[in-house]
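So, here come the structures, one by one.
The two complexes that follow have subunit A in common; it is paired with subunit B in the first and with subunit C in the second.
And now, the complex of A and B:
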């Protein structure tokens, strides 16, 4: 295999979740293309494919998306220095679509193959936006299926120190939004209402806040809103109620993150994942971090949700370290095995 | 059973059986779940229904615990669709809340959501019902009991022979509560 390129051109593929994503990265931070299928949902060349959380949809989307990404980046397959793919966590059938394409390309181009943990990649959206992370770092990853606190002491050296024991925070927000008639995902609608309405006087529970650990629980909060709504019926104004509810979610996330920061004394705290796009959450985190004297980083909204650029960014660090995988690389459905 | 999801399937030898028990608290729900997990047959398919807050999370955590899974690892699969808890036996925990049309199920590989080597627990199973015709399933329905914030009813319906041990365990739980 060729010696390592100093400014490598990398391709990353992510099919772990709902969206099919492809990115092309120069070096560790220069995003040449970052495409997700959902950006193209009405596009003819994808045969009118609507993003579905399914392996066959990924299969239909991956080739045209790859071609688009190469065109956008203005590069050919032959110029790639490595091929990266997310292999964990997600539906195995969906992961295998991306993995099979990545393996085929790596084999045909005789380039290194790099398997990436999608969750480990989320904080790297901050590297793209702000530059290298100082270590140790503490990451709050609030993505659709996961709410996690990650302690990272160096590249590839990380551990999960807190997580939701039932619903993810984003899921709780989406489900409460749905109770009030908002379409899934309702997070952005709740964020808007919370920004423009003072919270109702009712104080919703802050689950596990008094538990000394770093785990989260959001299932009971969702139920509390359900009961509150049922007991108050028609005369309920949704803005103040959702604002009060969102305050509870944000407070739990902040208190646990700050508690973890006191324990691990990180040089930076990052927030990533779909919920990190919330303006109200960002403002609250900024205030709390400033008060605690912590350096806070979060990515621009388009890099908060699932994307392959963050996968490529982590892969570029793996490439620089010479840590590659071989063609026996396999997918894993579970984050924690 | 009332308005839970239903499949047209053979209950198998011995016909179908239904049990309903009242659970006075989350602790009772947890005990019932533990008993169900310990008596669930290999590769059982269990369908759960009941509105938000009716105790499905509590029950399923306990069923998994009864199957030998650490309950804190049992989290919502609403976004992931399927959580696989390594066993033995491995347990598939499925949530089809986000699948709106049954056709979308055809886009998934069956092995992605039906466990080939252990039990499969499915929340919000409506979209999967057409694909489960002819399967011998256990249907579990959770509901609030009256206006008491803590009380729930649990109804279970399935093949009398296949789920005989489970129905016996539920009977014992019912008796223990009274």
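And now, the complex of A and C:
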């Protein structure tokens, strides 16, 4: 293996769910390419992601996307210093496509292979946007099937201090949006309506808000909207109802995050994951963080959703620390296994 | 002189073979279950090293494209496509029914069938005649065991099942007339033979990236050879 480069050029692949993403990063922050092929249209007719279809699409997309990323970055395979790939959590069949490609690349180029936890990578979108994280840091990751509070004391040193015990926040938003006929992902539609409509007078429940712990629950909130919609079918105004519903989601996220901040006293609080792209959520978090005297960081919207640039950013830190994997690296669907 | 690598991860076995200057230079046929991703690159490395080659010496990659395990097929194809892309070498795809048919070598006027069970009650099948390699007489099809006898009739077959035969009761594949086999397994050495034969038909290409064969439900209906 070649000696470690001081300003390494890394390639990262993310195929954990329904987006095929390839990024090329110089050093720890210079994104030379970050290309993501979304599969939303491919799954639209099913109302949700079909795992087998997602795996097939990754296989179709990955080689052209690699070629495009290299062209965009203006580099060749031979110039890469490491190859990184998300290996957990996600759809196993999808993960294995990216993992096999990454292993093949690492082997053929004789470069280090770096397996990345996709959830651990989400907060690193903030490193790309704002610079190195101050530690200790508290991260709210609201991404796809996960809503997590993560306490991080240093690179690679983190623990989950709160998590959703049932539906994730993003999952709840998607399902409620679907009740109102919005296509997946429902987050942008709910955010848009919540921004343009005052919330309905009805107050939806704030699940587990009175629980002193840091865990979340969103399944009951989804059911509350379902029943409200059933009981008010004909008279229902979508905008105000979704606005009131989204207020409940945001309040739970903020209250739990601030509670964790009081407990762990972080130097910064970050918000990442697809839901962090919501303008309404950002505005509410900004106001709450300012009042609590917390430094708040969130990435630009394009780095909130799944992307390989954040994977590359974490991998660059792993590269600098010499933390590599061997070619027997495996994928795992579950975060907590 | 051709150095080539063949990869088959379509079944519960990881099957690899390498050709060095026209001669077989090593192979693997390992039970791997669902762990093909874990071992495939390491085994390729061991195989190439044992043959005194590096990946960069390869001139051709041959890969099994299914039908078979959907996830397994993708693992082999993802590896093969990446080898082809990085090394700028052609990748030739061979379907698993032709691979199965290559286990035998009948007289040229014999029509025979390759059968591969894909689920408890369903089987992939295709008819072949031998002309240096098995030549398919029609597209790969999928049918139930109940219908299979009507399709195959009294023709000899070469058959494989992915999962063990039923513990109780007769294995439906055993009802057909089995052919003598020149090789015990439809392994990657046979895959190399078939890939090389196709490569020599059109050595100048073009070599479009092979596509996986998923024979089920709507994919089955839409797919044509």
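We take it that the second predicted complex is superposed on the first by the 322 of 337 C-alpha atoms of A that agree within 3 Å, B and C clash if a C-alpha of one lies under 4 Å from a C-alpha of the other, contacts with A are read in each partner's own complex, and residues count from 1 in each chain.
We take it that a contact is a pair of C-beta atoms (placed from the backbone, for glycine too) under 8 Å apart; a residue touches a chain by one contact, two chains touch by 3 or more.
None of these values were measured; they are calculated from a predicted model.
By the touch criterion stated above, A:240 is placed in contact with neither subunit B nor subunit C. By the touch criterion defined above, A:57 reaches subunit B but does not reach subunit C. In the superposed pair of complexes, A:93 makes contact with subunit B and with subunit C alike.
By the touch criterion defined above, A:188 lies against neither subunit B nor subunit C after alignment on the C-alpha atoms of chain A.
Residue contacts after overlaying the shared chain place A:27 against neither subunit B nor subunit C. Contacts of A:165 after superposition on the shared chain: subunit B is touched, whereas subunit C is not. Note on subunit A: of its two partners subunit C and subunit B, the one contacting more of its residues is B. Applying the stated contact rule after C-alpha superposition, one finds that A:327 touches subunit C and leaves subunit B untouched. Contacts of A:109 after superposition: subunit C is touched, whereas subunit B is not reached. Subunit A residues in contact with subunit B (one complex) as well as with subunit C (other complex) are 52, 55-56, 92-93.
Residues 52, 55-56, 59, 62-63, 66-67, 77, 92-93, 96-97, 99-101, 103-105, 107-109, 327-331 of subunit A are the ones touching subunit C in the complex. For subunit B in complex with subunit A, the residues that touch the partner chain are 51-53, 57, 61, 72-73, 75-86, 98-99, 104, 107-109, 111-112, 149. Residue ranges on subunit C touching subunit A, taken from their complex, read 35, 37-42, 44-45, 55-56, 70-71, 74-75, 77-79, 81-83, 85-87, 209, 212, 214.
Looking at the complex, you find that subunit A touches subunit B at residues 17, 52-57, 89-94, 143-145, 163-168, 170-171, 175, 179, 184, 215, 219, 222-223, 226-227, 333-334, 336-337.
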